[in-house]
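Presented sequentially are two complexes of chain A, the first with chain B as partner and the second with chain C.
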Partner chain A sequence: MRQRGPSPAPAPAPADPERAASVRSIAEELSGVRGPLLPILHEVVETHGFVHDDDVPVIAEVLNLSRADVLGVVSFYHDFRRTPPAAHRVALCRAEACQARGAEATYASAADRWAGSTEVEVGEVFCLGNCALGPSGTLDGTLHARLTPDRLDALTEEWAR
Partner chain B sequence: MTIIDDTDYGTPRVSSDETATVTIDGREVTVPAGTSVMRAAAEAGIQVPKLCATDSLKAFGSCRLCLVEVEGGKGTPASCTTPCADGMVVSTQTEQVKDLRRNVMELYLSDHPTDCDGCARGNCEMQRLAQETGVAEVRYGLDGANHLADTTDHTNPYFDYDPAACIVCSRCVRACSETQGTFALTVEGRGFDSRISPGGTDFLSSECVSCGACVQACPTDALTERSVVQLGMPTRSVVTTCAYCGVGCSFKAEVQGSGDDTRVVRMTPWKDGGANEGHSCVKGRFAYGYASHDDRQMEPMVRDTIDDEWRVVSWDEAIARVAEGFRAIQEKHGVGSIGGISSSRCTNEEVYVVQKMVRAAFGNNNVDTCARVCHSPTGYGLNHAFGTSAGTQDFRSVEQCDVMLLIGANPTDAHPVFASRMKKRLRQGAQIIVADPRRIDLVRSPHVEAAFHLPVRPGTNVAFVNAMAHVIVTEGLHDEAFLRERCEDVDGYLGFIAQPEHSPEAMEEETGIPAADLRSAARLYATAPNAGIYYGLGVTEHSQGSTMVMGMANLAMLTGNLGREGVGVNPLRGQNNVQGSCDMGSFPHELPGYRHVSRADVREIYESLWGVTIQPEPGLRIPNMFDSAIGGSFLGLYVQGEDIAQSDPNTQHVEAALRSMELVVVQDLFLNETARFAHVFLPGTSFLEKDGTFTNAERRINRVRPVMPSRVGRDEWEVVCDIATAMGYPMSYGSPAEIMDEIASTTPTFAGVSFSRLDAEGSMQWPVTDAAPHGTPTMHVGSFVRGLGQLTTTVYVPTTERSNRKYPLVLTTGRILSQYNVGAQTRRTPNSTWHPEDVLEIHPADAELRGITDGDVVELSSRVGATRLTALVSERMPAGVVYTTFHHPVTGANVVTTENSDWATNCPEYKVTAVQVTVATEATRAAAGEAPEASSAPMPAGAMARHR
Partner chain C sequence: MSPVVWVPCDAAARSVGADAVADAFAAAGVTVRRNGSRGMLWLEPMVEVETERGRVGYANVEPSEVDALLAGALDGTDRCLGVVDEHPWLTRQHRVSFARVGVTEPTDIAAYRAHGGLAGLERALTLTGEQVVAEVTESGLRGRGGAGFPAGIKWDTVRKAAADLKFVCCNADEGDSGTFADRMLIEGDPFTLIEGMTIAAVAVGATEGFVYLRSEYPHAIRTLRRAIDIAYAHGVLGGSVLGSGHRFDLDVRVGAGAYICGEETSMLDSLEGKRGEVRAKPPIPALQGLFGQPTVVNNVLTLSAVPMVLADGGAAYAALGTGKSRGTQVFQLGGNVARGGVVEADFGISLRELVEEYGGGTASGRPVKAVQVGGPLGAYLPPAKFDLPMDYEAFAAADAMVGHGGIVVFDDSMDAGAMARFAMEFCAKESCGKCTPCRVGSTRGVEVIDRIRAGTQREANLVLLDDLCTTMTKGSLCAMGGLTPMPVRSALEHFPEDFGVAPATADAVTDDMPESATSTDGGARP
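Moving on, here comes the complex of A and B:
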């Protein structure tokens, strides 16, 4: 309603009370573990797909951290995505071993194919620990090896273009 | 005089019994073990280049400019994170490190505006280093990826954040965390995208409390005071003392011009200030603009009746009018028919001359001070228990404290700089017990969580403190040896407090504190190695305020928590000079140094010096003055810098008293509420014009140095002397230093104080005597000032102000960070951005019962009056208690407060008023007898008054 003085301004009321309640319950459940912020953020992404800006004050309040504290951590890690994910996600390894086995061509092809798509997003990772079988990548979270542009096309045939 | 450029040692001072001796660039230096190479170098007079390091913050090691070479060591370690080892040989200027620095600096400059001339600061650490490291040009050009197009955040009224100039050294983030303890800033993003962020929003809507620590820490132009952008850099600085709360922070007033053309560019906290050690809050750092506000009244004015228009007159005419008027009243109605009120906002020297004028020229003891309405019970209670009317510790003592017991105080709002010290200690692992009706920030806020929050019901403090003592005594947690050796009336007190009626269980219903919590809290307090009590007006402003002060003294004595660092009983004083104004003999029963007027030996000191006879009977207290005025026997009043019509309780009664007087003289910066009833207005001086001393809550006497000459033509102490002289008692001093010399020569606790000593020492804490020539940070070491500590049987007597069917809620009052007291100063600054009006905080259940929702205008009524404000439904409040601030005269919070007061000192019971709250309607508005629009019409002034 109004600012309370330069005492920390209260966080605005969340737009989605149901989501806020869910995030709060995730945070409260994990607040007892050691270093609870990262596990909470992982769980929020797992449950809701991404960390909404409105989740930040809820988590901050439960852990008795400042909003800035939480935001600093959220924004540091790419995995704590801050926008809703697309329906399908391709993550291709671009680290040295996979590059040596031709990962760049696969990546370029994927990036080109789904450029501007709202259904599929193409991301990069740096090593999935599957170097002997590279190029590696994940499709909607499932690990695939020996990826080539053609194999990628075949594996994603079902996805809307 | 020029700008005072403090030496920055790069990393904080380390205390250690062991030392290390190192050789840096051929100079040998011995430092405490654990000191960084950077700091050791600085102590040897060698400045190692640095950007991310500053001596108020822990070493961070990110900027890579402070690299050095260590003989026999590998690589080029950062000197800020490398501790000195005995025998180390360090070189700070080899070709290798110079080359590295130049390359690092070049990288910084590749993403930094090139136009130093266009930069507001004109010079910054970054620019200086660029010159020192000798970067002539940036080989990479400026066409690559950069942040130069980032836009500036102008939302904070006092400072700008320009991300284009930011080098992400994190000094601001760390200052916000380590120094201020708010954690409002972070580094958002990673790698090249990293930007400083106030939590993903703009500065104004963030968690930032605008303390200025980030601006102070910034080595570039990224965070800069708006005033510097507008006015340019200052050209000289004057070290002086803040005139807001009782913390008494030292500042460098940084100004341009001289004499009458002086313009303040900014106030920066002084590193060597004993109270603040380089930190500040939004008020002292930024809210000084009131001193040059257009509302300030610059000329003396008189009028025949309070219904007439003011007429501007010369100083001589105004003073003649005052003197003749006062003398005429005395001739007609007797010597005791006039009096004066001194102000805790003025200097010791100004206050001293006011009480001297009353005692020597008026010829009576009718002098009182605004401390009457705030901390008079502190003076009474602590003097009774320990023999000194003052707190027992210095602020630094909190660094040794293991358990803080905080009662009736809200330091993060009212004493922010000390709150930051408390929070720092709490983050180190100390614990805090908060006894307060509200869930204040220290109950729970980022990185701080109280061990216990005891929501004591307003008016039941004594029941609470007795229950604490009962647990300690009946569970055998008291310090028997300390009691037997250092205290008296021990058995009587132990027998009293052990009675079952004081148990937490018996008192639970009265205090509202769950007995189990209280027991645990008492055990925590009693068993801590060092436990300190900190308290505010939530203790004193009660009908049993003095009893409660004694009750807290009992607790400290019971547990032996006195006479060393980290312990004690510590009042958090509301105003800059409450301590000093009380020290200076402002009370009607005491001469300077808290010596009763009935003591012939003390009167003799002043009688022989002043050449007058001093009345041996105490004079009138403020409430007595009002009553006598209405009764027709008190007709003339001189009021120095206090807005009694706004700040004293039961406004209607105060106004009736003022209307009954024949001559009311107001000396103030502004035409305040009280001036509406005045016949003579004398313009006052702001702290920027004063020459003198303020004494803070830790008895620290700080120098107040004039930044500019009096803007109204005379100094306030001069005006007082002129009035006395015109009344036939010649009073004159060559300078305020002479007044302090008179104070020192007549008051034993000030014996060693003089302006020259203060200038040499920086500041001193009284007593300053032959035995303690540098002052006394910790009192009562070894024995109490009164000899044995006085335990007192503190019988709980419930206040007569009880809630009932008609007035079922209890109103309590307090302060908010951005505003100060009646707001005469802060309302005249951009601080009102944060707090444009007073609101009534109310528990959701109480609100729902009355159909009140957030933002409703509500009617607040008590048995003496009614007012209207906006409701804020808040879970900070316990059910049954409502809360407001009193910063805005429109609110008229004191329209509803009653005349109940402390039994010993008449300190008003502001903290307890039985009230009802209803949604305001046209009907209730009519019943209240005034339309709020009408009461807000004259922009009210009121300089200085009630202190929280």
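Moving on, here comes the complex of A and C:
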């Protein structure tokens, strides 16, 4: 999921030694597989929510890569977010098949509703493979179909509190 | 005896509440089995109840209706679909790759075998690699990812390459909007893919394989990983494939949200742990692919067709289809379509039959304005072109492409100019940045289309757009930059009015700037 305009992007605090140890352990554990960098970064995001800038030198050292090599990979892929996620995440598909069913209206409505929110972040995604039942999106990672603005509001009613 | 009820575990079914329906049935005390989806996605969650006549389907079931359904209250209504195997939407199709999807439990290897699974691999193990490749060549099977390259030729190149280590990589980075067959196959019948990859490995002498599966498909990732574990436990994978002495190890690698990684060389770099940047070819991946070793790279649907090719023989597969497009294609109906889902049919079926007869027109009930065939890089086609047969060559001749078989339907509220702009915008966002025509051309393309739509020096900018499209088509390293002009040009050709251009001549355009205002330096900046 990629963040855009309305999403908050608080600067992460410096990583703690505990986190560095955890990241090192993840990297060491996966360093033996072929092409280990992507599996390691996925595991870091899975465990810690995002890739901290301070994680980069740790991973680079374990894999004997330059920090630039690791950072280049982190920044290339949308999944390797570099800031902590908000409490709730909306990711709406804006690709052609969902556009054909009104995805732009849903996206505009969500972006407007949570503009400036620190609790809910609205992101875009390009195809969730649910193209016959659009507009599609994920709410905290769970796939939903036919997301009209009203249905999205109903599904996220509790978040407004 | 308590009835057995089937509730799909496919992501599309789950997206409309299938898990809650399954829970409700379980709470009601019936045996619940989770199948893949039959592909009639507008009917999901589609529940099937086992009866003496066969499995009887019920459409759009809500958790609150479970007791009523079990008591027979839906029988006789239009929600009851009768015996699913006799449903006309399915019986009309020719399911080869999707024969088991929706029928069996996805990770039940005994059911897989009972429904014909592993027959292809068992036969392949009695043949030499050369003979297996010959069967695939004879079948006429072509790459289903979009390019349509003959699989047999690719395999033979890898087979003949001398190397200690060869790979089989499955491209499951199904990022094209409007395509979901790879996902449904992996979620509904993952052993077919595993068997197809194993046959490829045996044929070319590869010992390791990877499935590059996109992170947007978490259910598919889980199902495939479970299926691979089961395949290892049953000796289909591992040190001696079905006791043959062939080693084949298979692993799933998860993409990270980069569209470009669906391009094969970019996918290989991503598998190696690098930025997913496109490689220049040659060398071709068949000779220098993953980690520089000879590598088979095929799409999910290509590899999933292989078990049937080996089980029934290449000639049987080649008997299906039309012209140089042999076998079946799994078409996917999406977007603004009344009856969306998966239609597997022999090549040669017309676009009209797919969109109007299977698809039933638009979901909104408004007239169909266009369909986009083959993903975001495919052409927009108006209903006047709907008699085109689905065939690689026929589509190419019409400046379109079959691609991965995705068909996205738009009603008359679609703005083709906005879609053309989106094609360029998406390319600009997702370009890997390695070649200039794609990286820079796409950004300039957005600007030029904006000027055309705003009426700023429209004639000059149309010339510029055409020139830009030619540069991108001929100068880009890969299909992303090379094919982005296809939706742009087709939108402009078929729907010029959406760009503010009169269909016949430009004379009718009144808000254009006078020709004298056009810059003469070859540029067209306002």
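One rule holds for everything that comes next: the second predicted complex is superposed on the first by the 144 of 161 C-alpha atoms of A that agree within 3 Å, B and C clash if a C-alpha of one lies under 4 Å from a C-alpha of the other, contacts with A are read in each partner's own complex, and residues count from 1 in each chain.
Operating definition for what follows: a residue touches a chain if its C-beta (ideal position, glycine included) is under 8 Å from a C-beta of that chain, and two chains touch if they have at least 3 such contacts.
What you are looking at is a predicted structure, and each value in this text was computed from that prediction instead of being measured.
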Which superposed partner A:116 touches (first chain B, second chain C, both, neither): neither
First, second, both or neither for A:66, with chain B first and chain C second: first
Touched partner set for A:136, first chain B, second chain C, both or neither: second
Chain B versus chain C as contact partner of A:125, first or second or both or neither: second
Which superposed partner A:53 touches (first chain B, second chain C, both, neither): first
Touching partner for A:76 - first (chain B), second (chain C), both, neither: both
In the superposition, chain B vs chain C on chain A residues touched: C
First, second, both or neither for A:32, with chain B first and chain C second: neither
First, second, both or neither for A:41, with chain B first and chain C second: second
Overlapping contact positions on chain A, where the chain C interface meets the chain B interface: 1-2, 72, 76
Chain A - residues contacting chain B, complex: 1-9, 53, 56, 60, 64-69, 71-72, 75-76
Complex contacts: residues of chain B adjacent to chain A: 182-190, 197-200, 204-210, 282, 412-413, 441, 444-449, 816-819, 833-837, 839, 854-855, 872
Of chain A, residues touching chain C in the complex: 1-2, 33-39, 41-42, 72-73, 76-80, 93, 95-101, 125-134, 136, 141, 143-146
Residues of chain C that touch chain A when the two form their complex: 11-12, 14-16, 41-42, 44, 174-180, 182-183, 208, 215-218, 251, 253-259, 270-276, 291, 332-337, 340-341, 363, 372, 376, 406, 408-411, 414, 419, 422, 426, 430
